[in-house]
Amino acid sequence: MTDVTSDIRPARSQWADVWDQFKTHRGAVMGMGFFVFVCLLVAIGPYLWTLDPNFIDIRAKNQSPSMLHPLGTDQLGRDTFSQVLAGGRVSLLVGVVAMALSLLLGTFIGVLAGYFKRLDGALMRLTDLFLALPLLPLLLVMIMLFRDTLRAAFGPETGIFLLIVFAIGITSWMNTARIVRGDVLALKEQEFVLAAQSIGTPPYRMIMRHIIPNVMSPIMVSATLGIANAIITESALSFLGLGFPSDFPTWGRLLFDSTNFMTLNPERVIWPGLAISLTVLSVNYMGDGLRDALDPRIRGR
Amino acid sequence: MRMKSILIGAAAALALAPAANAGRGDAGHVNIIYWQAASILNPFLSGGTKDVESSSMVIEPLARYDENGNMVPWLVTEIPTVANGGVSEDLTSITWKISPGILWSDGSPFTSADVVFTADYCMDETGGCQQLAKFSDVTNVEALDDLTVKVTFGKPKPFPYGPFVGGESPIIQKAQFADCMGAKAPECTEQNFGPHGTGPFRVTEFRANDVISMEANPHYRDPNKPAFATLTFKGGGDAAAAARSVLETAEFDYAWNLQIDPAILTQMAGAGKGTVVSAFGTGVERMMVNLTNPDAALGDKRSTVEGGPHPFLTDAAVRRALSIAIDRNTLAEVGYGAAGKATCNVLPAPAIYASTANDECLVQDIAKANAILDEAGWAVGSDGVRAKDGVRLSILYQTSTNAVRQDTQALVKQWWSEIGVETELKNISASVFFGGDQSSPDTFQKHFSDIEMYTNLFNGTDPEAYMNSWTCAEIPNPGNNWLGSNMPRYCNPAYDALSAELSGTADIDERARIAKAMNDMLMQEGAMIPLVHRGRVSAHSNTLGGVVLNTWDSELWNVADWTRN
Amino acid sequence: MLNYTIRRLLFTIPTLLFISFIIFLLLDLAPNDPTGNLPMTITPDVREKIRESLGLGQPIHIRYFKWCVQFFVNEPLNIVEQYFDITIGQGDRLRVSSWSTRSPVGDLIAERMPQTLWVVGMSYVIGILIAVPIGVYSAYRQYSWFDQTGTFVSMVGFSVPTFFTGVLMIVIFSVYLGWFPSKYDTLHVVTDWESFVFQVRQSIMPVSVLALFNASTISRFMRASMLDNLNQDYVRTARAKGMTERIVVLVHVLRNSLIPVVTVIALGIPQVFGGAIITEQVFSINGLGALLIQGIQGADIPLVQTLTFIFAVLIVFFNLIADILYGILDPRIRYD
Amino acid sequence: MLDGAAPILDVSDLKTVFTTRTGEVHAVNSVSFDLAPGELLGVVGESGSGKSVTMMSLIGLLPMPPAEIRGGTVMFEGRDILSMSPDELRDIRGSRIGFVFQDPMTSLNPTFSVGFQLMEPLRKHMGMNKKQARARAVELLELVGIPDALPRLSDFPHQFSGGMRQRVMIAIALACDPKVLIADEPTTALDVTIQAQILELVRELRHKLGMAIIWITHDLGVIAGIADRVMVMYGGQIVEQAPVRELFARPQHPYTRALLETLPSVTGERTERLKTIEGQPPAMREHPVACPFRARCVKAMDICARKNPPIVTLAGEHDVACFWDAKTGEARHAG
């Protein structure tokens, strides 16, 4: 029997509470575990599995999994495992950075528009404007304008990376902004916000303490969708010949390249597809856990 | 009594019909898929293969090439030659005799006036005719009578079969296009989308960049052809999807240009619903070396002769090393299978023009390539890349987006890395790369790269116009709006002299000698690096009969003879 | 409400003008030469004439004004004339023509619209019809096997690109089973039951590929929103009143949960008109998506401007719809 | 019990457990009490003492899972509620037993009109048609003191003030003439003048309608004014129960005493600080085998850590669960 007094907890920071609650969510912990695992794998993996992803061994083309090539080889005899590892680095980085950028922008604009009535009209028209601009022309124009400059400044890979992340980031924040704004509008009517306002809480603290935690769940959903969206947009850009150089593997490109080999080497399509799906799934579960953890009603239970 | 015989006749017809597609329209419907959709049915306004070939079922030239590259009379009684008097002794004129009784699809007679009109239409300088090269040196086209046309050239023309021969130079109807001359040409949507023709089919509906439906031309000259009553020419998708729809699902009867991994194609053909057909023409997948400097810092002078020579590709040793480091046989096998063979010539066919002087490159020799570079003073640096006087052998290598081309790029990159050459790969959507938009930096004419790769070919069997592509005058530059076909920016007075000699020579053996010399000069001076002699690969369903793949003319040249098995 | 709607409606006019100006500018300043796509054999001076006839030599505000007149006055009148077969005014107004095919842009769009609306629109409707119940039930039974399966399927659904799912379906249903055609016949006209069946058969695969994607997205939002509301006090009140679970969930919770989801759905509708570039390519549907990408790649500026502007009009319109629905669903948000 | 009448509600040995990700929480531990017709029972205790959970367990309002009723019986009008089917239970909820919640701001559905929410139970339980329900709804709003009731039916909750919303909640709870009204801290969220109005309303309605009321609060001052009998809860169990005068006059349990000491004294010095009870309520991770209050109890003894004190009935219908005897100031002989 535990001593009841031991349950008398000292006051703790909010984030420690959130973490405690997060830990209790099995799916979230597993998702986080998997995500960390994938990140570590693609970060460290290439040092352990040292086969060059672009090394061509034409005699070993279209092979099924074996000891030498655990996930088989592609039509030029490149090792699929090292390609998946190398591709993961790019895809994850693109996914996470572009998602973070679009979330930051979307939340920022959504909160501002919802909270400050004066800014609402202008910001929402801005959002409309971005929504109305079709993504592809914008991307094409941007890429055509800046590709050479960036390539000269940062080299072909980093230059394109910056461009893609930026392009995806600034063309995908609008939905988040709309949803967040809607939520903030509704929240503003609620008493706790009115109460906080009445005691003179400054807007910055108001937003950080009261608004943001309460719009966390749509943001979490957007985050999950955002990662998948970024990974897929990257592959669509490659598909149009505007992405990374063709010898630069990404998960989206690996999946695209292997699609035509679906009936010839069915196992080849599985790996990149699985990698994308499981990563998105793990981010989703993390999002679920975080949302639950941030919800004070559930936390109290 | 009469009634009875009619009934018997009908019954007999019914009994016979399935056995032989004897009459026009008996075989029902045929589906053709070109994964690049047709955007217009007027080859004078678009040079795209898809547009030329789709229109070839409707409008026809006076003479065509058959599957062996021989010229055959099509709307005329015979091929004019010096021997039969059709070509004048001084080679400055050619006279075509139109077969009598040919009707347009609207029922009006086909006459020499239509032929003359076609020449005027294309030669109108404000019209922007895409096939103007076919009419080069033509000074006059006149109708001698209703069925006789005389074409006069400004100088002796040993090969007078440019105008009105082959799918790219068909005859359009004067009555229909009379108001579409010159600047108005592009605005005649109705005419350009539905030309009247003498071919086996006529257009019933045209949807730009999507689909064309056609029906048998009721006025076609052979009353029993075409066997198909209706036809759908569908566009869109990609090569693999097109192959699948013929070979695996049999939804379509004919699919064009299946440049996909040969392993996939073989597997699809294994389904037993269709047949892959291929034949070699003049197509060569080649690398165009940039002999001028593509450095972005040069601004307007980028990739022009004024911008100065290329920092290292002007070194013959480098170009030779790059060439022999490539294993062309592997490229052919991986990318093209049976439809490709290694070549060291830009002019590999017809056989009389094929040179053997450059066969050194057929065998890959990395060691030798390294030795050549060592000798030329390109030393391997600490990063594994060769350099001389601060110039690194770092190549930007661009091509269009296509799985086979990207595989080729990857292979070449690896081989070049073995001789200390760094390669950056770039691929550009085909519609941009070949699109000709003057302000786009990514067109193949601009060549803002060190090496670019694509296939080029010529229709027909005469290489004169083709070999003229690499004369000094053909270099694209801002002054000529980047028009021109000399992508390597190769300029050699000796080559220009040979070109002039070729156009003045009539004897076929002598022409072959000159053409070979031109080919060898281009190869030995390294203006381009040929890789694979590519055949055309198409597929037809097993129920479609009469397909004869023709690489010298439109693939659909004999669509009138197609039948249902 | 009516007042608000009218005010919003009036407000869309400057918005649309502004957006149209931005689109005009963006494409105008893009590094594409409108005459670049003309045949190469056209001589430079002819080319210059063409540029002039396109008004490219004039100052930007004049070109914009001309473009507006063309777009807001001439083209609608042309369409009305064509549709009703009547002549208004002089009747020979210039039409906005595509530079690459030289046919009126309006005709091209009209040609492409049916297949896009049918396939992409249908997939959207089906996506919503699937997503809402799944989202509701997943949230109601959070962490049940149904919820877990739904989560997994929807994650896979939007993390696997349509170029893969499309080809996969073709391989299974066209190649192996031979049930459905792999290419979409845009010429097909529904006249009787049999042709309708064919239309359904040829749409099943593209529609389900896109519907899977749409349903995945919307069901995530639906589920999240339901979860937020299921914990609210008013739900307990409804239960305390003795309401059945059915009414509690489907009346009380659903209505509140739909508020944010309606925004997501309404904002997604214009995308339907944008077509689905990849899916259209996989099944050779050649709808608006294919048209747009062709226009972009071929530097066909009138085509791209028109499509983009139609897109902008739709966005603004559905934004308005979303806001009005918001007001209907959520009485707390008042517009005064 | 008043007048010895048969109780309308008889709860015995109720146990409710929550299963959370961190383990079980024993929220209600063997709670037994009864309620006579027309009686007003006050239930007092700190937040987390199990008051609300006990009442919600009675009528199946707890989400299950995570909640689970581990045992006990709840006899209402002669039938055991806990063994009823969900449908039968729903028929009782909202018609025979009404419920008013703490926070009127969030307890009404923001997207439906007040009229709709008020008419819902009428139509379901009383089988009224729209017209009848509407008429009754107007009556009810007037009953709870909302003026100009008819047009207000189509108003939405956000158009009402807090006090008015609570009146609406009460109207909803009373809609079907319940026998028992459970009010869970109905005045806590309201300011003092409104509180007084609501209290007055309830008192008045109770006499008018003659129903029994369970009034949950942490405010002993409120209880003193309206309750017939008071039940003090701590750590998921009842620690003391007595008629209101008896309890205030002779509090037996140290916890009750501490609670009473926290009340501001009317006669006391103004400068005197209000007393508080040191420490925090227990987390109730396990079924209590010791006195849950011992850690904060000024009279704690050795036995308190070994044994959970049983309920002892003293004179004057006064129940208490403690080993310490308030009369003698010594340990009671534990049985």
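Structural remarks
Letters A, B, C and D mark the chains as written, and numbering starts fresh at 1 in each.
Keep in mind that, in the parts below, contacts are C-beta pairs under 8 Å (C-beta built on N, C-alpha and C of every residue); 3 or more make two chains touch, one makes a residue touch a chain.
Computed from a predicted structure; not experimentally measured.
Nearest to the overall CA centre, using the mean of each chain's CA atoms, is chain C. Of the two chain pairs shown, C-D and A-C, the one joined by more C-beta contacts is A-C. Distance between chain centres (mean CA atoms), chain C to chain D: 54 Å.
Centre-to-centre separation of chain A and chain C, using mean CA positions: 24 Å.
Note on chain placement: the centre of chain A and the centre of chain B lie 46 Å apart, centres being C-alpha means.
The centroid of the Cα atoms in chain B and the matching centroid in chain C are 38 Å apart.
Looking at chain A, one finds that residues 144, 189, 240, 260, 263 touch two or more other chains.
In chain B, the residues that reach two or more other chains under the touch definition are 429, 432, 440-441.
Chain C has residues 31, 167, 175, 259, 330, 332 in contact with two or more other chains.
By the touch criterion stated above, chain C contacts chain A in their complex at residues 15, 18-19, 22-23, 26-27, 30-31, 143, 148, 151-152, 155-156, 158-161, 163-164, 167-168, 171, 175, 217, 220-221, 224-225, 227-228, 231, 259-260, 263-264, 267, 270, 274, 277-278, 292-293, 296, 304, 307-308, 311-312, 315-316, 319, 322, 326, 330, 332-333. Within the complex formed with chain A, the chain B residues making contact are 240, 260-261, 263-264, 267, 296, 330, 334, 400-401, 403, 406-407, 409-411, 413-414, 424-429, 432, 440-442. On chain C, the positions that touch chain D within their shared complex are 232-234, 236-245, 247, 252, 255-256, 259, 329-332.
Only residues 54-56, 58, 61-62, 75-76, 78, 144, 148, 152, 156, 240-242, 245-247, 257, 260-261, 263-264 of chain A touch chain B when the two sit together in their complex. On the side of chain A, the complex with chain C involves touching residues 27, 125, 128-129, 131-134, 136-138, 140-141, 144-145, 174-175, 178-179, 182-183, 185-186, 189, 217-218, 220-221, 224-225, 228-229, 231-232, 235-236, 239-240, 252, 255-256, 259-260, 262-263, 269, 273, 276-277, 279-281, 284-285, 291, 295, 297-298.
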